[in-house]
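Next come two complexes, and both contain chain A; in the first it sits with chain B, in the second with chain C.
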Partner chain A sequence: MASGSGPSPNVYFPPGGDSDPRLPPGSDSRWPKILGGGDSSARNVWIAVGSTVIFFGLIAVIVVRSPGWPEIKDSFFNGAEFRSSFPVILEKFVRNIFIFCVAEVLVLILALIIAVLRSLPGPVFTPLRIMAAAYTDLFRGVPTILVILLLGFGMPALDLQGIPDNDYVWAIMALTLVYSAYVAEVYRAGIQSVHPSQVAAARSLGLSRWQSMRHVVLPQAVRRVIPPLLNDFIGLQKDSALVYVLGVVEALNKATIIQQGDFNFTPLVALSLIFIAITIPQARFVDWLIARDQRKRQSSAAV
Partner chain B sequence: MRKALLVLAVLAVVATACAPKTSTPTSAAAGDCTPSTMNLHTPGQLTIATGNPAYKPWYGGTSVAGSDWKSGKYTGDPHTGEGYESAFAYALAQQLGFTNDQVTWEGIPFGKSFAPGPKDFDFAMQQISITPQRAKAVDFSDGYYDVNQALIADNGSPAIGVTTLAGLKDLKLGAPVGTTSLEVIQQEIQPNVEPGVYPDLDTALKDLHNGQLDGVVVDFPDAFYGYADQIVGQFPPLSGGQEQFGLAFEKGNPLVSCVNQAIATLKSNGTLKQLENQWLQTDASVPVFS
Partner chain C sequence: MTRAVDIQGLHKSFGDLEVLKGIDLAVDSHEVICLIGASGSGKSTLLRCINLLEPIDAGSITIAGEEITRRGVNVDDTRRKIGIVFQAFNLFPHMTVLHNVTLAPHEVLKASKRDAERDSTALLERFGLSDKASDYPDRLSGGQQQRVAIVRALAMRPEILLLDEVTSALDPVLVAEVLDQIRELAEQGMTMIIATHEMGFARDVANRVCFLHEGQILEEGSPEQIFSEPEQEETRLFLDRIIAAGRM
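Then we have the complex of A and B:
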């Protein structure tokens, strides 16, 4: 089967010996599943439950009995503080959702353009390839928070007609620039994973370079990199909190306002829970996608 | 099997860095206020924490060689003894019986001043307003400065010329996080436009000068340091009562009582008043918002 034999994208795969490196731990019998750890006989299940209870139980006991626990409990897990801060933080979280959703759409478009530019064959396109490579090098190299600070405080200071001075614009722009660099690499890995013989076949059928890219390579490439794209999307969601440095009152800023007003860290824990609540289902969804992809691959290989 | 369980148990213990630190605070008898017997973070040294950068007029002077602080247009170095809080710190240290070179400064992010657990310093001095809510997390000294708030703005801002709190409602204002300035915006002005909240004063001022804010609320003495073109006005005292700055200690630290005695002396002998006059400019003629 041709589609499985291209060079492996090197962005996200765990090291995996001679089995398909795209397998997540769990869909290959050589990797133990998180729960159960192999065959699921009754005895093994009981051992799994027992060792889990003992392991986490011990940790819990040690933490709770530590001398600092009452203080920690009061300032990080304060019930009253949690109840009063959670709804306000959740309300501001809508802004994070807005920021990362708009940024994600822009990222998917910009990154695809960069990846295609970087994959253009032929000596004529060298300047474009250099530009695309320089872009990814630059924005993968600079910490996200620095890009946000530099754009957010630098661009409006230019005081140019037509340059927006809205903090959201620059927050979204900065996240888009940084994440496009990563996502472009993911796309490029996908594009490279499509075997060159497919392009040759498409060209021999009379398709132009662009047509074979558009109709043969990209559809396969994009489908193949959906799991890592989702991983980057999760990263983007978390980094939406960084825009607080521009004075945007999003969830992290709101949590910090309460934290520093009340001298209590519980609002930060509350915000962490919100992030976990939205990212864990997505992470499981990615696992499921990879597993499904694997099943398809195996069944079609068996034909 | 048994071996595996043992390994797990050991892992669990290691994961929590098992042994509780034996940090029993040396509880000096109350009232015993000499440097050699005080409950200090580093024996023989008074370790004071403040922010870095440290802003004028609270910290001033030219950076001392080897200091982590950098003096600039808006910032100073705590080691210089210049600026109200720096001068107060050295006066307080002397009153407690320390020499100037027994005072150590520790630069901290604001959150560290109230993080639970043992602290890397004796107390934090960072224009921290005393509130009952905050007093649940730290022990405050008695207040050492009564602070009011003022609004500053650049020429051309719609804030210029406003004289009432109601007139400020539709302006885009800003303040640093965790400050009384922010509280004034939220509770006294209750604006219709959401205020900008910044990690520090520097970034708030940057947005002010970029034209993204109509005005920034600052501690009144800050208003005289050229942070913006004009002082629009000062705010009446918070409805909750006069706001005071206090030093923040770890809960239960017996050092508080010694420091309070020293502050009381500095108040009664006029030192605090004199430091205020020397370092903090205030101007009663600045209009009060009505």
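Then we have the complex of A and C:
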């Protein structure tokens, strides 16, 4: 990925991560681990809080009192600049949201098709499997920004009839093509993680190959890959900023315009905050989804 | 009279390993056959072949007069007539108990959702599982899960039911409820081929017992004959080992 984000797509995250899904919401077992180093007795928590406050307090003092700080603050964390640029950037960010939302829907569909093609058994389907494998190899290998440039400038330049001359269309198509390759691998890992005995059970009941895939394998596979899927979607959302190279006036383009006009980097920091603000809630939402699914299927009273 | 199952000269290999070396077995309607024998003797493979889960290398399998191992047979159509229950239950964990049971009648037999649910609920009730209908399999005990798996197979109204060591993965205290359910089916005249290590149960429920040894049916006969006066030395050794292990 051009932004350098995202995991290896074959990584399989077991549902639940390191938090215990059977605990009620809010009692995330990760926090005591961070705060008390695993032991959550009252004394340890106080020591953890104390050392944390002192540690970060010292860093803050060192940073603020260092000789270059006023210049850094003025250039990156300028309050007036932030207040004037933030609403304008946020307004253009709607275009990023549009781009990545459309791309995500398309990715979910295209990637699923590729993953299913690649999982087809039997010698007849060899050409389809080769095609799907070649697709993933190709689009995982080429930097996203290159695909955007190739499609965004290359295709309209052909001047062929019926080829749209719209930057959004090509930007969305480029992101969809690249991220479908990643997400297809995530899906495939999920499909392969469903035990063959599940397929045997479905087939023994008379379900066809496709019915087994649709009713038994895919529902289990998709549930398992939600966390890695979200990782790729966060990557996609960040990469929506890359379409600025086509001249689309989205958030990054707007922020760069303000930054160059005002000789100040605060607009870029403001945009960074917007990206952070949209990704963190998504991560929490997925945690919640996983916990809910686990609770539904498994009570602590299970035998 | 056509046999419920007629197997002739069945051979099956996995790579270089020949698991079934010429099986001949005929089963009448309403007959209960128990397959006994050591692990690796080919019991599970035989059942999986009958269900067409494993392609066979040679021989033929005929179900109710129709050869299912010839080319061009509709595999899905054939499988729906043959129910199989596995050692590890293999319930679908993302579906409720009721949904597990209704899936195949709805999708394969094209029963309406309402009809499938009505029939499945009746079946669950008959086997004392109606209070579990809306639970997910993870919440059930192993015995309950296996009983649901049997109900799931029955919901397709199979002509034959194959049971593959269905109590081997269960706690000893949970075995009885599953065996009781199978006994009930036997009394109702269900044709069954049962691979099992439960010799007491086999003696009790089987019309005929087949002893499998190294991929062949070495000896078959009534339970009394097999368990009391086996003719083959291998059968005797096997039963001695079972008795020594306290399983009979």
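Convention: the second predicted complex is superposed on the first by the 254 of 303 C-alpha atoms of A that agree within 3 Å, B and C clash if a C-alpha of one lies under 4 Å from a C-alpha of the other, contacts with A are read in each partner's own complex, and residues count from 1 in each chain.
As a working rule, a residue touches a chain if its C-beta (ideal position, glycine included) is under 8 Å from a C-beta of that chain, and two chains touch if they have at least 3 such contacts.
What you see is a predicted model; the values in this text were computed from it and never measured.
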item	value
Which superposed partner A:Ala157 touches (first chain B, second chain C, both, neither)	first
First (chain B), second (chain C), both or neither touched by A:Gln220	second
First (chain B), second (chain C), both or neither touched by A:Val63	first
Which superposed partner A:Tyr244 touches (first chain B, second chain C, both, neither)	first
First, second, both or neither for A:Arg129, with chain B first and chain C second	neither
Residues of chain A touched, compared between chain B and chain C (which is higher)	B
Contacts of A:Ser204 with chain B and chain C, given as first, second, both or neither	second
Chain A residues contacted in one complex by chain B, in the other by chain C	none
Chain B residues within the chain A interface of the complex	1, 4-5, 8-9, 11-13, 15-16, 18, 20-21, 110-111, 114-117, 131, 133-134, 136-138, 174, 177-178, 182-183, 194-199, 203-204, 206-207, 209-212, 251
Touching residues on chain C, where the partner in the complex is chain A	51, 53, 76-77, 79-80, 82-84, 86, 88, 90-94, 103-104, 107-109, 136, 138-142, 152-153, 156
Touching residues on chain A, where the partner in the complex is chain C	197-198, 200-208, 211, 215-216, 219-220, 223, 296-299, 301-303
Chain B contact footprint on chain A (complex, rising order)	47, 51, 54-56, 58-59, 62-63, 66-68, 71-72, 74-76, 153, 156-157, 159, 165-167, 244-249, 253, 256-257, 259-265
